[in-house]
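Dumping the structure here so I can ask a few things about it.
Labels for the chains are A, B, C, D, E, F and G, by order of writing; each one numbers its residues from 1.
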Amino acid sequence: MKFKPLSNRVLVEAVEDVEKATKSGIVLPDTANGKQYVKGTVVAIGPGKFTDSGGQLPLSVKIGDVAIFEKYSGTEITIENNKYIVVREDEILGIE
Amino acid sequence: MKFKPLSNRVLVEAVEDVEKATKSGIVLPDTANGKQYVKGTVVAIGPGKFTDSGGQLPLSVKIGDVAIFEKYSGTEITIENNKYIVVREDEILGIE
Amino acid sequence: MKFKPLSNRVLVEAVEDVEKATKSGIVLPDTANGKQYVKGTVVAIGPGKFTDSGGQLPLSVKIGDVAIFEKYSGTEITIENNKYIVVREDEILGIE
Amino acid sequence: MKFKPLSNRVLVEAVEDVEKATKSGIVLPDTANGKQYVKGTVVAIGPGKFTDSGGQLPLSVKIGDVAIFEKYSGTEITIENNKYIVVREDEILGIE
Amino acid sequence: MKFKPLSNRVLVEAVEDVEKATKSGIVLPDTANGKQYVKGTVVAIGPGKFTDSGGQLPLSVKIGDVAIFEKYSGTEITIENNKYIVVREDEILGIE
Amino acid sequence: MKFKPLSNRVLVEAVEDVEKATKSGIVLPDTANGKQYVKGTVVAIGPGKFTDSGGQLPLSVKIGDVAIFEKYSGTEITIENNKYIVVREDEILGIE
Amino acid sequence: MKFKPLSNRVLVEAVEDVEKATKSGIVLPDTANGKQYVKGTVVAIGPGKFTDSGGQLPLSVKIGDVAIFEKYSGTEITIENNKYIVVREDEILGIE
């Protein structure tokens, strides 16, 4: 992966679609789709956040983990025509 | 439980319904239902929050505790067709 | 009391009603009722808040104290059919 | 005084009325009455605020001081039929 | 001066009017009057702000300094029929 | 480059247009254009942010890195007729 | 310069007009004028911001530097009929 996340950020490839249109092309609101979260595989991790004293807090997640995070956290980016999401580790609820 | 909460998060299985519709199917507002909180059993706990100095504050709740937390805190997730709520420990009012 | 407050929370049994309707059933606004606070007896206290260095700040209030706190602070919970309020100690103005 | 303020709070007996109606019973807005502050005598003080390291910062005001604080700071409480105001010391502008 | 500012507050006697009405009695908006700041002479200073470790940061301004601060900072108070403004030192832009 | 960023700021030359009009001259909204981020080459970096203890946290990005940051972060400036964006390093999602 | 900025403030003399009216006297909105920043020469600097431990963080900019800062940061003041802007150093994007 040529993208290197900074700080405590993680690059995730979504396992389930972030937003899913119905067959008719209408985007369903959250309450219809029912899910408040997204599941994705971690494909790159940052070096960790700097503390005020100059140290760095290593991440708890590692490449290959399946991360679950809130639906609207993170930023979608495109790398070599694939879609990914960049999230901060503290937005990840947990891993499987 | 295959889900591992991160930081100071806790996975809870609700003992009482988060949202309860009347028989007629109408969702009652909080003031009708009267409860501002949810009760649930802790089924998984995170390793604790990192401090700035790199330490980690262990959680006070443990697996099996019945936790009481405010109604709209946390995020609902589904694991193997069961519904759970992920809450941060500091959103838990107390345990029974 | 089977409920154990977490962190710097306190379980209080209200001495005076939090919200009082008139005989006609109409809920009076604050300006009519005039009081901005609630008085209650402390029935359970938490172990104290964790500091960043991992220490814990013990509470100043103790079981049996009559606590006075702002009207809309805290969360109402029901334990064995009795109503209580869970407040953080820093929301308590003082004790009698 | 049977009321004991917590943390850095101070119990004050107002020297000047917090809100003053005209003879006609109409409450004058601030701009009419002109004052942005209240003057009161300190009748009880808290033990001071806890710091993160577990220390306690003693108050600078003492019982008997005349404190001046912003008009809408603090909470009005009634003790034995007298009205008082509970303010945090950092809301007090100065003393006379 | 019988007023003693608390913490990092400063008592200032305005050199220029905070709000100036036109002869016709109409209060001019800021954009008409053009000034975003007030100039005043420091007549009393507080002992400084407490730090978390219990120390106190002494003020940089001293009695007699002409302080310039933003127009709507501070609180107007009246002492022996004279008008003053109480501002926190960190609201003072600079001194002459 | 004669511009020297301060603190943890970075000067970036956008590789892709920040805002792109259609041929007809109509500016497309984000949802039409689809991208939430901007890609740019780092052309100058600041010395790092000061910590409270007086230290300075060096930047992780270096001149020549291709940085990806959220679409509306940073400030556009013009130097010798070229457009650049000044962003804080913590607004950069990652580098390529 | 008789004005002495406090804390981490800097006194700047604008090189380019902060707000520029068209010949017809109509003030152009930012989107018309296009610039989000102001350029100015530093004519006085403060001693630096105090830290919680009582230290002082010296400024990075010096008198004579050309500073670039966001258009609506700072406060305009008039000294001996000249207009200046007082900005905090952390609002300065960089220097030339």
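Remarks
Methods note: a contact is a pair of C-beta atoms (placed from the backbone, for glycine too) under 8 Å apart; a residue touches a chain by one contact, two chains touch by 3 or more.
This one's a predicted model, so the numbers in the text were calculated from it and none came from an experiment.
Spacing of subunit B relative to subunit G, judged by their CA centroids, is 49 angstrom. Chain geometry summary: the mean Cα position of subunit E and that of subunit G are 22 Å apart. Averaging Cα coordinates per chain places subunit E and subunit F 39 Å apart. Residues of subunit A found to touch two or more other chains are 52-53.
With chains as nodes and touching pairs as edges, the resulting graph is a single ring in which every chain has exactly two contacts.
By the touch criterion the chains form one closed ring, and its order from subunit D via subunit E is D, E, G, F, A, B, C.
Partner subunit G is touched in their complex by these residues of subunit E: 35-37, 51-53, 55, 57, 60-61, 68, 70, 89-90, 92-96.
Subunit D makes touch with subunit C in their complex at residues 2-7, 9, 11, 44, 46-47, 50, 52-54, 75-78, 86.
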